[in-house]
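Sharing a structure with you now.
We call the chains A, B and C, going by the order they appear; numbering starts again at 1 in every chain.
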Amino acid sequence: MRDARGDVRRPIGLRLWLSGGWLALLTVAALCAPWLAPKDPLMQDLFLGRMPPFWMEGAEPGYLLGTDSLGRDVLSRILYGARLALIVALVAGTLTCVIGATLGLMAGYYRGWTDRVISRFVDIWMAFPPVLFAILLIAVLGPGLVSIIIAIVIIDWTRFARVIRAEAMSQGAMDYVASAQVAGRTRFGTMLTEILPNVLPTIIALLTLEMGIAVIVEAILSFVNLSISTDSPTWGGMIAEGRTSVHQAWWVLVFPLITLFLTVLSFSQLGEGLKDRFDPVLR
Amino acid sequence: MSGFLSIRNLTVHLRGGGPILRAVTMDVAPGQVHGLVGESGAGKSMIGKAVLGTLPRALEITGGEIWLDGVDLLALAPAARRKQIGATAALIPQDPLTALNPGKRIGPQITRRLVDILGWRKSDAEARARDLLDEVHIPDPVRVMRSYPHELSGGMRQRILIASAFAAEPRLIIADEPTTALDVTVQKQILRLISDMQTRHGTALLFVTHDLGVVSKVCDTLSVLYAGKVVENARMRRFFMRPIHPYSAALLAATPIYTDPDRGLTPVPQTVIDAVEREVEHHDVRAGA
Amino acid sequence: MIYELRDLHLSLPDMSRKPLLGAAPRIEILKGVSFDIPKGAVLGIVGGSGSGKSTLGRAMVRLLEPTSGHILFDGTDITHLSEDALRGMRRRFQMIFQDPMSSLNPRRRVGGIIAGPMRLHGMDGLRARVDEALDMVGLPRSFAKRYPHELSGGQRQRIGIARAIALRPDFILADEIVSGLDVSSQAQVLNLLQDLVADLGLTLAFISHDLSVIRRLCDRVLVLHHGQVVEQGPTADLFAAPQAAYTRELLDAIPLPDPDQVWR
């Protein structure tokens, strides 16, 4: 029978293009920072402190987005800061995802004692206040890139575990799983070949969201001075410094803030966009 | 207009897409039961939704008239239309499990419309609800009104929805597959109940169903739909004796009957589908011209 | 006999009444079910919701483990066999599910859905076998490349049938497989099933709430009510002279498309 319900076309995601574009731009910036950055991000020049961005009166040529109170070039520092932000996003996001999703998938699909052990563990884990936990952790491990990544993974794997567990549970109740059992597929095989492909879109959406969160957490830790050593440029560190002089030089605060905002937004939008795009059921 | 509900050339389109209803014309006489039959996707539920003004946002009415109690609903402003519908029509929904709010007690769910929209006094509305629950054979109405939906069986919940539909004495009730989710034995009780209530209250009833057996038990007249087009309007008895449209006849022949096991089951033949598809196409061409 | 069931009991934990601490109370769904299915029979299993008919079906293909009693499949007691022990014989008893939307993995193409179980059982020439299975259920071979959501309800249910028959099983359990379909696709699927049973020499158990459908398809009927068999026998006899009160109640409640039926 003819049925017009199938005629609706989904518009191709503009947000996918915008968010993907911004992140691609950022990746290029991070990779090519030494060639792209107009100045050395660490070079101080106290005579050029708090220079405004190029369109304002009193701007110094060569310093497009102005300088901070120590005379360091804001644009160069943002570009170098992207390196750290993206490394943290990729490594911490992926590790969190793999650990959390694996545990969640097992808990949700195997149920029984596997689920009880993992779920109790998640419940207890989540009872710790996360930021305090992270600060404590870095105090013990000492600041540094590895510490940040470990802190993010340890705090956030529960998010994956909980969401993926629920998703795996609802997929596990579907008859295609019973059908695989009737066909003689092993439990583990069913989990990998039947359940995993169906929770993958959710995992991808969560992963990109997590990458955004990792960028924020790194910025927060930099803000409270618990990130990398203070001389390597980070967005959080720039925001912390900019805050103190916001009345004299707003650009030191605002430009890294906008970059951070756009990056985190792009990560979450990319996830939603990809989920829509690569889902044969929705497509 | 010859009906209490008269639908004339009602056309509904998917926004920016093809037609869902194609110039549907039908009448529901006062106090009579009119069946809407067709296979899934034929648009039978959409007619009820168009009348009640609850079409999904993706659909829009693009033509025709819906006369309810002598007023063309589509000619009214939205607020006046809602008021007219609220005063004359009610719905018995398909799924008794989701149609009641699980977090609220039964009593307020029945009386809310009476109190909030029709401005009844609370005590009057509660007395009315008790009487109605009694009328739909629910034992101990006072206790049931204090219960939550999950404490009641599917059949009980469907009875409550029926009571609720009749609460404001509407003159038209639209029942959208009200027994599809129920067992045959419960279905029989519920269908009888709907018929009895409808007769006693003199309500006109638009009954949406896919089951020709059900139609033959409750309806006075019916319309058969294919792809959003009415292929036959008929009086019930005549329809089962002598279906006029080949698609109607094919639909009847495809329905299994346990009393007649030797009758081979005939799927709707491709020639009939092709013919009715051509009719739909001709309609679209004429509508486009 | 392909199936022999003896005094089968099955209870499941009732999670809705689970106390905060301790185990959930168990509700008994099957209360001593016994019957046989001879080779080549088409058995209808009928009952209302809550009769335990789906649970019975799932126990027969060992998606559920009975609490007590015995299920013999072709002489082998499979009642408590472990999943590992069952795996080798699973090819021989297959199931078609009620809701094809839920029983076909939405992220797989039809070809993969039909080939998957055959690959597990080490069958070869999968492409040809998928084509053959599609031919047998009357669908074009090109459907192998489609996703389930691109098909109509009746077509999806044929894929479920194709997946089951492709394994060349001895027995197929069909659980309410036409209840979600329109009458015209229902008639097609029933006719198809009838032809396949004859052509492939299948034994079929057909679970349904609809006695008219069972009358059409089955040579034996079993009526289940509250987890017990209230009546069983050859279809013609049972419809001509129903013995149990519940069977009569079920028959009387069916609305026939006939305005002259006495239904009050």
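Points worth noting:
Keep this in mind: a contact is a pair of C-beta atoms (placed from the backbone, for glycine too) under 8 Å apart; a residue touches a chain by one contact, two chains touch by 3 or more.
Worth saying up front: this structure is predicted, and the values here are computed from it rather than measured.
At the far end from subunit C, in terms of centres built from Cα atoms, lies A. No other pair of chains shares as many C-beta contacts as B-C.
Separation between the centroids of subunit B and subunit C, computed from CA atoms only, is 32 Å. We define each chain's centre as the mean of its Cα atoms; on that basis subunit A and subunit B are separated by 50 Å. Separation between the centroids of subunit A and subunit C, computed from CA atoms only, is 48 Å. Looking at subunit A, one finds that none of its residues touch two or more other chains.
In subunit B, the positions touching at least two other chains are 39.
Of all residues in subunit C, only 48-49, 153, 182-188, 190-191, 209-216, 235-236, 239, 249-259, 261, 263-264 touch subunit B in the complex they form. Residues 58, 61, 63, 83, 86-88, 90-91, 93-95, 97-99, 102-108, 116-117, 120-121, 147, 149, 163, 167 of subunit C touch subunit A in their complex.
Within the complex formed with subunit C, the residues of subunit A that make contact are 174-176, 178-187, 193-194, 197-198, 280-281. Within the complex formed with subunit C, the residues of subunit B that make contact are 39-40, 183-185, 187-188, 191-192, 210-217, 236-237, 240, 250-252, 254-259, 261, 265-268.
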